[in-house]
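When the chains are written out, they are named A, B and C in that same order, and each has its own residue count from 1.
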């Protein structure tokens, strides 16, 4: 009895809720730690980034306008879908990183649990960053944290799935939309994760996933005038960091970098604080 | 009594009246409309509501591409919406551009629809951006051609820039033209007025100026006849009746696509202005695709199984 | 004139299976229970089931199970894992939402529209919200790693059975406590169905225990030495009794008690929405609401206009079968409560207030009371002072804003208040002056798990919901006043 041939997955980009190929038509090879060919991933271009920003911007107002409860539920649903695809994630990580299934499973479960952790923050941010302020006058004065808009995110090379969770969840839970550049070494989890998001009631354009090269795309993330903030936790090279900050100064992007721990500051870093005054009087 | 004795026709008097109206809270209004949308209308009440809705439809075609053929087909459909079922009532009116009025009237009379009025949109519909002379001519042509109803638009630019007396004067002039040959519907274009406070103001302004009906929209701008907007207008006609003993009609137009939507409108009427308004002489629904959905729902109630679009006529 | 009659639109009962008899839910399983008493549908007096009367042994077993579960499992579990149990419970509640809504309506008498659109969704939301706190307690402002109390004894009322259960259990579990919950005598069925949800969620045995019964069962739970914390929602009288009962002990309590909220309508209010808010404030849930707007304070110059509109609006209230989707006002929960409402209304008549109700046909059997207003009421009337807990509104007037505030505050209660005005500064000024724990401006009866709820003065101790609500269930959050 001959062996059955597997129907292999094609890995594309995730932009505006659809899975297009790169407009440049380019791909690059993903090989496992053992050198074996795994798949061709799309090599995203600056035009793909441009399209992703348009998609993210058009989705932002209504995503921010949803109730915090609603956003929390949608993010929790993403966790449900992730859990359903656990084995697929484990296989991809094993192939890409050459680690044991047991270790891969640990990372996947940590990624799911971290996603759930971020999901639970959606309706609790005011505890951390909101306040009523005792000004010296007959005014009601209160501060509310608000999402800033469209945020670009460069995911770390290692821990492709856990790093991806950190690169997306804290940004979108508060009402921002994002474009994330996946680990170029191991992008496949990112596309599988995009499939998870596509089946989770997440509105089109809230999260967009590009696969490609940091060197090529980082400058375009940094200079795009319709991106409000950048998470560059996935950039290690000091000269690249410096170049990004220089280019980002053009529209004063809020640029941040974090280490790998789960931290609500990752959410607050991409929010603005709005303070409102209103007189109190009969 | 001119203007029901509530304003004297001067700008000062009108401004005083409009400024004295209570505000409308958006969240509260939308919550009330949402609650009324949960009413479950089934079985006998659904049957009743469907037939009532059909009799209230102003069957509409307002396209640049309208032709005599199209209007004639609409007229036939208006009189006999379902040729296989004579128990289906005729619609409330047909609504066309004013150069189609005589074709419409002629054809209606030909097919046994003498009782179905022709409503003409008028006054440089839909934008309202033209001189008063043009608007007057527009209206006169329509009435002379046989229109029994005039659906005019208000000058939204004047309204939004606070020139209420201009809006008021335009309406009184058109009302005078209509005389007793035609009833006047005043289209507020609520989508452009945006706030419910404006909708309430515009409703009262139109009623004081002589509207027989206040109408939500031209159907060319979204949002059109949303439930909260219709709610505010129904509250206005209810309050106006308390002040003057006069009942003014309400016509939502645009965005009412299926039977569920239509029944929700009837519930709004029933629980806001009251059952006195549940008649085509005080409530109309401006729509085109709605009629076929009403017919299909009617078929389901009659036959007990779901209908298909194949079994209703396309005009 | 055409009358638009709404044909009956009954929600089907078939989604619910009610057993003829229930025991208690202790240590993850149902017991036989003893001394069963009937539980009826108050809209027609049909016997729905038989509920066990929890005695000292049942309470013992439940508290023991909760203690063991706390020591061996729940207190050792990470917040992350606790949270995931709560998420499961929230999701299952959403999945079985229709079933819970129908059961709640049958057992309580409230309209299906309310249980479907308000009670059940809010209950699920409460679990969802608190699931997210379980692993974030470090950030809640109580210091690092705040600790749970241990075993919480919780007693809930009959007016919002599943919702009050959620308000109690969700934060308690999120904070790391285990619970023994006693539902109200007349409304135990959704709590018992909730026990099934705990099983479906694979919640470790003993974390949640449900013991049914009457006032004696509740008192037994309060007095049991094994309960570290008491949470109670109910009447002020019983709340005071609980405070006295625990006085000689180290136990802390949170109490959500009665109210006689003032709903203040200024002349510059958005009139139609204010009328809607008045109706919602007192007729929602048949007025069986601790925070009901039961005292309407109308600015004198708009009083006549608003009363006229109110009466027209009240005439549209549909009283009838709670399972009918078009019913607005359902049944009174019990014959005892109906008698209380009747008695207090009679004092209204006797003290010279003027009673008015729209014409409505009340069903033959079951417990019913028409929506009612009393005008000409002053602060000196009993019906302006005492909580009626029914669809009865007392209407008073005022001339100046300060007078409205003074009248509103002139009560031993302090749970909630309403303010209606289109002027922002006036609203904020009134909110600043009112001695109430929840103030609704241009709205009423709005609840959210993120919004702290609770009262001043004799309306109770503590808050439920939001970060403030966690205080009740964490050791570090409460003082050690002995």
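Everything that follows uses one rule, which is that a residue touches a chain if its C-beta (ideal position, glycine included) is under 8 Å from a C-beta of that chain, and two chains touch if they have at least 3 such contacts.
Small disclaimer: the values here were computed from a predicted structure and weren't measured.
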Chains contacting each of chain A and chain B, listed by label: C
Chain separated most widely from chain C, comparing mean CA positions: B
Chain centre separation (chain A, chain B; CA means) in Å: 49
Approximate Å spacing (C-alpha centroids) for the pair chain B, chain C: 44
Averaged-CA centre spacing for the pair chain C and chain A, given as whole angstrom: 41
Touching residues on chain A, where the partner in the complex is chain C: 68-69, 72-73, 76, 113, 116-117, 119-124, 126-128, 140, 264, 278-282
Touching residues on chain B, where the partner in the complex is chain C: 22-25, 27-29, 31-32, 38-46, 48-49, 52, 235, 266-267, 270-271, 275-276, 278-279
Interfacial residue positions of chain C with respect to chain B in the complex: 1-9, 113, 117, 268-273, 276-277, 316, 325-326, 422, 442-443
Interfacial residue positions of chain C with respect to chain A in the complex: 80, 83-84, 87, 125, 128-129, 131-136, 139-141, 401-402, 424-426, 428-430, 432, 449-450, 467
